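Both complexes below contain chain A, partnered by chain B and then by chain C.
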Partner chain A sequence: MKVDVQGLVVRYGDVTAIDDLSFSLAENKIYGLLGRNGSGKSTLMSVLAAFRKPTAGTVLVDGEPVFENGRATSRICLVQHGVDPADKGDRLKDALALAGVFRESWDAECAERLMDLFGLPRTKKLGQLSLGQRSAFGVVVGLASRAPLTMFDESHLGMDTPTRYAFYDALLADYMAEPRTIVLSTHLVEEQAALLEEVVIIDSGRLVLHEETEAVRSRGTSVTGPTGLVDRFVEGLTVLNQRQLGPTKSAVVYGSLDRDASGTEGLELGPIPLQDLFVHLTEPAGVTR
Partner chain B sequence: MFDDRSPIYRQIADRIKADVLSGALEADQQVMSTNQYAAFYRINPATAAKAFQQLVDEDVLYKRRGIGMFVSPTARDALRAQGRETFFGQVVDPMVAEARSIGIPLSDVIKRIEQLEDGR
Partner chain C sequence: MKWSIARHLSATLLPFVVVVFAIGWVCTTLLVLGISAVKDIRISGWDMTAAQLARWLVFGLGLHLARKLLQVAVVHGRTRREFVAQACAFTVVLTAVAAACTALGYVLESLVYRAAGWPQSLEQPHFDSGTDVPAIFVAYWAVFAVWTAAGMLVVSGFDRLQAGGVVTLLIGFALITPAVITVGRSGSLPFLRGFDLTATATLPLALGLCAASWAVGLALTWGLVRDVPIKAGTAQP
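Then we have the complex of A and B:
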């Protein structure tokens, strides 16, 4: 499913959660939605799923407005973290059956397979699950929905490492069997980066960047060496961060470098993990760590 | 599983090249599919596809429509020739520089190489 967001604004009273946001998602890619706490990720996803009406701007899915559009929303699945208190008394098997009723794309066989994979007890009530189990149940519902737009809002919360790996394997296998547009919001940037074809980074409700994950990764470089040399090298470049250790300086620069740039003598140039780039790109101005 | 030094697709491409060089992958042998690579390395299939595309562009692999990817008959010789071109610059020169900086006389290095050669 294609998504087009234009000039989106969401306000809660005095608070502007989404501030004039525009971007587009193509069909059948896996996107990562990254942002610090309170950056507007969950608000954005709930608007994309039509759980919430925007204050201003448009959200189109496959060219149609999403809000109060049953035909569109039946093809969208948002897995939020935390369970609606009203569901707490439902047994897992009943909750699954209910999830299937509303979706024509629902794959019951897939749901059963994933319930077994995560070892989820079918007769337990939702309110009795641990956080990790609740997250796993959300993943079951999200994947089995086979919705053309499926969004997971931090669906790894509380999962232990083996369970997260099982989640990633199941996600990839299911996506390859049935390609669709998937959005993952996450703070586990390093662990999940390889799953993401593109990343959308937002900060204070605004777009920081939207690009191919590999392109973002190749755009950050750390430059380390004697202070004078580093200063000369980074002149005119976008410096995201600088740190000093005695006579040695290390700077993080953003943007493509001339491959055969002169003046690298005596300097050590290295890559920056995506997670560190993300931290620097969303750092409040003037902060140095 | 991957380091941060280069894009993941390049690392996958390098591994396939290493397999061609070592003979683990032979001429005209079929390689695993993009999806198999993606599942195995737990990466986005578009990334794996990018690695394969790079190898097709470099004539290491060729595509047979609807069947899959195969090792080019010329790949091994071409990779060996490339490897010979970069060997001294990428392997020997840094080794000599390292030996100098930690104070190992080059004559000791040469002695070691000769020992390894005799041991064969």
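Then we have the complex of A and C:
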């Protein structure tokens, strides 16, 4: 499912959560939506899923407006903490049955398989689940929805490491079997980086970057060496971060390095993790660490 | 998927209503039997239960519909418009079933009272006998419909306006007023003591006023939920 967002604005009273945001998502890719706390990720996903009406701007999925449009919303699934897919007093088996009643594309067989994978007790009530179990149940609802646009808003919360890995495996297997547009919002950037084909980074409700994950990775380089050499090397480049330890300096530069080999003599150049790049790219102005 | 929301509501809430009414009737009858051991029975126990408690039950179901089930429907990709349209249609069925249970309760109670030799005195303006099923049914249907719509309106008001929802509490109170003073007993709610029009209002007039209240209640509810955000915390019971 293709998503087009143009000039999106969401305000809560005096607070602007999303500020003139525009981007497009192609169909059948896995996107990472990255941003610091309060950057507007959850609000953005809420608008994409028609949970919330935008203050201004347009959101189109496959060319159709989303808000209060059943043709669009029936093909979108957002799994978000605190917004339960059933009553807290409902047993999980009843919550799954309810999803089957409401959603035409519901895959009950997939749901049962995932319930077994995550070891979720079908007779337990939704409100009795631990945070990790509730997250896992959200993953079940999201994947079994078979919605052409499926979004998970920090669906790993409370999951232990083996369960998170089971989630990633299930997500990939499901995506291979039933390709669709998936958006993952996460703070576990490095752990989930391998899943993400493209990343969308937002900060203070504005778009910071939207690129293929590998392209983003290739643009980040750490340069370490004697201070003078590092300073000469990074001159004219976008420096995201610098650290000094005695006579040695380390700098993180962003952008393609157009230097011949002679310029790197005496310097150590290396890739930097996506997570570090994300941190540097969303660093508040004037802050250096 | 057409009318799947209404079908789901019917499949889950109607049996619940029937069971609650059955339990209510049994408990009321047992209480009356207990009281009969120490005191003469002169009034209908079910008349008190149905008039006082049942309307709060349907008011609560109105809250549940607009607060919890609306969110669940949107989470599963349905629109607010779809939900409200089907929920409104469902309230007609829900309140009809509740009214039918109420009428059945009166009939069953009349059999018990007759067997025990007690008078089934009813403090109702629009029917004198527990076996006047049509009048009991339409009177309670109208009252329950208004109370359900009031429940939906009040919870939608608090969801949408937070503390400002107190305004919808007042509007909800205004909505149920015609039902209370023309159909039910005026002394059954605070502030309405002394406003008893049951003696002068005919049943058709009372039903017309209730129908208008119901329609206004649902229209105002739609005005509040048509673009209400679905957000974390809305799901809390």
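Just so we're on the same page, the second predicted complex is superposed on the first by the 282 of 289 C-alpha atoms of A that agree within 3 Å, B and C clash if a C-alpha of one lies under 4 Å from a C-alpha of the other, contacts with A are read in each partner's own complex, and residues count from 1 in each chain.
Criterion: a residue touches a chain if its C-beta (ideal position, glycine included) is under 8 Å from a C-beta of that chain, and two chains touch if they have at least 3 such contacts.
This is a predicted model, so every value here is computed, not measured.
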Return fit or clash for chain B versus chain C, each positioned on chain A through the superposition. fit
Who does A:M176 touch here: chain B (first), chain C (second), both, or neither? first
So after the superposition, what angle do chain B and chain C open up at chain A's Cα centre, nearest 10 degrees? 150
Touch test for A:H280: chain B only (first), chain C only (second), both, or neither? neither
Partner chain(s) touched by A:E214 [first = chain B, second = chain C, both, neither]: first
Could you say whether A:A194 touches chain B, chain C, both of them, or neither, answering first, second, both or neither? first
Under the stated touch criterion, which partner chain does A:R36 make contact with: chain B (first), chain C (second), both, or neither? neither
So in the superposed three-chain picture, is A:P271 touching just chain B, just chain C, both, or none of them (first/second/both/neither)? first
Looking at A:R103, would you say it contacts chain B, chain C, both, or neither? Reply first, second, both or neither. second
Compute the least Cα distance separating chain B from chain C in the superposition and give it as a whole number of Å. 27
For chain A, what residues appear in both contact lists, the one with chain B and the one with chain C? none
What residues of chain A sit close enough to touch chain B in their complex? 29-30, 165, 168-169, 172-173, 175-176, 194-197, 213-214, 217-218, 270-273
Show which residues of chain B lie in contact with chain A when the two form their complex. 2, 4-9, 35, 38-39, 41-47, 50
Of all residues in chain A, which touch chain C in the complex? 46, 50-53, 67-70, 73-78, 80-89, 98-99, 101-104, 127, 145, 147
Complex contact set, residues of chain C against chain A: 1, 4-5, 7-8, 68-69, 71-82, 226-227, 229-237
